[in-house]
């Protein structure tokens, strides 16, 4: 392989730039050229490409977002769109792709591989941590720490006003962020999509907590844990107890910011590993870190197999939030 | 004066603890005892008081929230309630009060002074910066920096996705936070309660910005700038242009966290000055910092006179957000 | 077991308080009383003890340092000292100990167990990450992120002035902090105690980097990597090249601050696991997290076996710092 | 005026980029072209110049350092050097200069004006805050908050180990940083270049503090407050008391990082004001902010007149650090 492409797609995640840097520099070390494709699949179809040299990725290691931009593409959902994309890649002499993103990104890459035989290796870049085949995705650790910092701030107010706060964190289908943030933030209740959430049980927990003399509480709610998110859950609880509580939706602040050390190290490692895998002949796979080692997982498995949350940590959070 | 009381009331603000520390230690230096009153006027009525010595306020300078707690009190709105409060103060031998809070706090203090002749000096503690007689209120600088940090994060995502974000910051009646955050955050548009907000004009600004090649924008909206806040403004704008945009409401994260250097210095200075004023015979006044010097303003003026935003900075923000 | 003691000893580490909280609340859930011992072994000898209930550890999860304080004790190094300590523990009805700290702490605990048969379980709390039997020690992740934030700041200045900076991080015998910080901070050179450091080779790396057009560089040096630390290494390099460079020793800022999410989760988990192990009959062991699971390792091994740094990451850092 | 130049010189300061952005965009609004001069006076002599348009300064508002770089220049100290610089400016059609920096920068600008009649307006950009004619310099607020955060971390360790820490902050000739950081950080002692520092008196303060039961203390020392800085002062104190204490030199971390809101607002305002002043015919002056308003001061005064520290705040720090 003489020339590979790299792109980011889907929701941005802190550490994507660190991964791009690693792809470019590892490729350089192997004597392979790198072409950056802007705006994900949308830009691929339009041929928005630029060569990336070692100096082009200087000073981006610590930047949030993605210098290659990201976008959604309806056209890529069609066979014609993908054919156009494949044509542009061939015209540019790109022999293989490193795709940085989440499950939508990987599904697209799989179809490009199937339909047009373009070799592709995925790098897990999403704050949600919902990919099988890697213990952590790039961006997760930063998102958790950003949300935690917000909760630490809110706790100051909650304690001063002796109030209950419902804090909604990201996670439509996965509760990884909510679980870590809840445990690290000392939340009394953590509501996850993976576990049934019973408003009456939550009410009882809060009442018991009040009875023990606790005057303020934090309830962490993954956005997909209950219909209507944190606000929906609060309303449902009010059928079971009189509860004055505030709702804060952390929202997009969880996506941005300089990546943590862990996310930079992970992104550096996986970006480099993706290039090694791709140039070594691998394709249709994702590189991930499992129990400290780089592992390779078929994209299909990465996307389809369910990575479960640690239920022992959920149980622990209940013991510790006395 | 041999013994004074100190309390915090209304919304908590970073730096309140630094002010409490300064009150206690300045009083100690002057040979005056300090009684802390918990939960604002509610606790005053119930006699929730504790002596505060110099060691009791150790290690709180950097803490957000208020160690004295804060609460609302319906009972204090009644004459009976205030009579009870006055009685408790007298029973505790409290000869004067330092009231840390915003306009609601000061209105209560004024009535206590009128009806029961209890000397009181106010310290401006509110993130809103909406008190006359001080260039800055305690907590404002921290709130602005917290909101700014959130905007910096969101800008990473906005730039990567080439999107427009509407970010709602605190400020029901005052646009101080929105103005400083918007200017410091490079917002294309800043919507304030003090200025009429015309959705059509905002749409034109955003369209012109797009025409100049800008692919992402930040609109900062004070919660009271438009009916429905940031979401309301976005909807109104959509009558004038097709606009895909995200809304983030920063909410209560703006209240908490360790105070900035500026807020700690201001709180230290004003807490000490309040004790000097009170023990020196002043009453019915607020201590503030005006053009670098401590100044004394009647509580009535502090609450009733309007402190205007800097319209030159608003104009500047338009020049700089090209 | 009806009553256990908990203490912190050695250098403080962020997350020690989270571990204390977990010990107290897990013990409560199991019906076991907890006595906090202040000032480590020094306080044990003096009988400085206080009961810790669930409310006593409220609001400490996010605090740096240790509420139980820490100290060195010459007296505990003697047989008489340890006999006194054991006597105090027995007098207080303490049937087992949770020892939070690093290798010095564990060596002391082992002698207490040998000589006085006091059951003890260790919790790895040290920023150095130099204990066998756990992938990470409590405090390491926070220290790495604190050092990284400092390097991000220094890089601004290094880039603006086109200068080389030598930054010394903690690590007398272990390079874990230096390696992660260096890789995450994009250091051109990382000097570790585990690898021979050749000033001439470093000079060549820096000269090659300059030749490639790089105008500023960061060299990360573990304090024990070279005689005289970062300053010593710089001087040695000057024998091989003319190099104007600045030295910054990060020092004690790496110990403090609110723990990261990862450190809080780890501390919560290991604190709870220690109580389960101790009350379940384990002794003379450390609880650690290995490949995501709690594991038990004899204290002797934890202290004596060498945990090696990841040499593949060191190699990776060289590829990426082009 | 049709075309102006802008450059940064001397030590970098957070907010310099925000000032550059404001210069470029304000000039654009006035129909004036801007040329960026790289590497300060060194680059001026070499003719290192590039046109700066409104998009060239996008996304730099929040960045530390300076995109125009900064350097020292021996050659500019000579008449020949300055003649070359003037020639390059004329060749580039630059009719006036905005000089962002501290006193060294302004002295150079004054000579360029005298010898070659090149109009120049200064913008105060230095973390030291040691310029007359502005209440605050750009970068000061960020440097103070960075140092304060470091002290907050160190206090965790100081409190846990019950130790005394000597922390050296920047300030060879001026104690502004030390004073604000010391007051905001609750330092027991603050040593400034502006006040005689008596080791015996410091020893007595620390002994008195210990006698009152304080187990840990922070001493903040400006680097120029005592021969040898913090380490020198500690040694001198040891002649008067047995004192185990740690020294931390914060160093270059104080220069970098994203600017605070205050620094961004100040930089935006002064950058714009400099362009207005320069194009309006002003020269040989610095724009500053005094009591909330933009003011113009002759460069000679800005550099030569002494801005004094607030001695009342120093006195206050002694009352509060009980």
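Should a chain be cited, it is by its letter among A, B, C and D, assigned in written order, with residues numbered from 1 in that chain.
The working rule: a contact is a pair of C-beta atoms (placed from the backbone, for glycine too) under 8 Å apart; a residue touches a chain by one contact, two chains touch by 3 or more.
Chain labels with UniProt names: A, B, C, D = ATP-dependent 6-phosphofructokinase.
Computed from a predicted structure; not experimentally measured.
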Could you work out which chain's C-alpha centre is the most distant one from the centre of chain B?
C
Looking at where chain A touches chain B, is over half of the residue numbers used by both copies, so same, or under half, so different?
same
Round to the nearest whole Å and give the separation of the Cα centres of chain A and chain C.
29
With centres defined as the mean C-alpha position, give me the chain A-chain B separation in Å.
35
Distance between chain B and chain C based on Cα centroids, please, to the nearest Å.
40
Overlap residues in chain D, where contacts from two or more other chains coincide
152, 155, 159
In graph terms, with chains as vertices and touches as edges, which category applies: line, ring, star, complete, or other?
ring
Complex interface listing, chain A residues touching chain B:
8, 12, 14, 39, 63-66, 69-71, 146, 150, 152-157, 159-162, 165, 246, 248-253, 255-257
List the residues on chain A that touch chain C in their complex, please.
21-22, 25-26, 28-29, 54-55, 58-59, 61-62, 135, 141, 144-145, 148, 152, 155, 159, 180-181, 183-186, 212-214, 258, 260-262, 264-265, 268-269, 272, 291-292, 313, 316, 319-320, 322
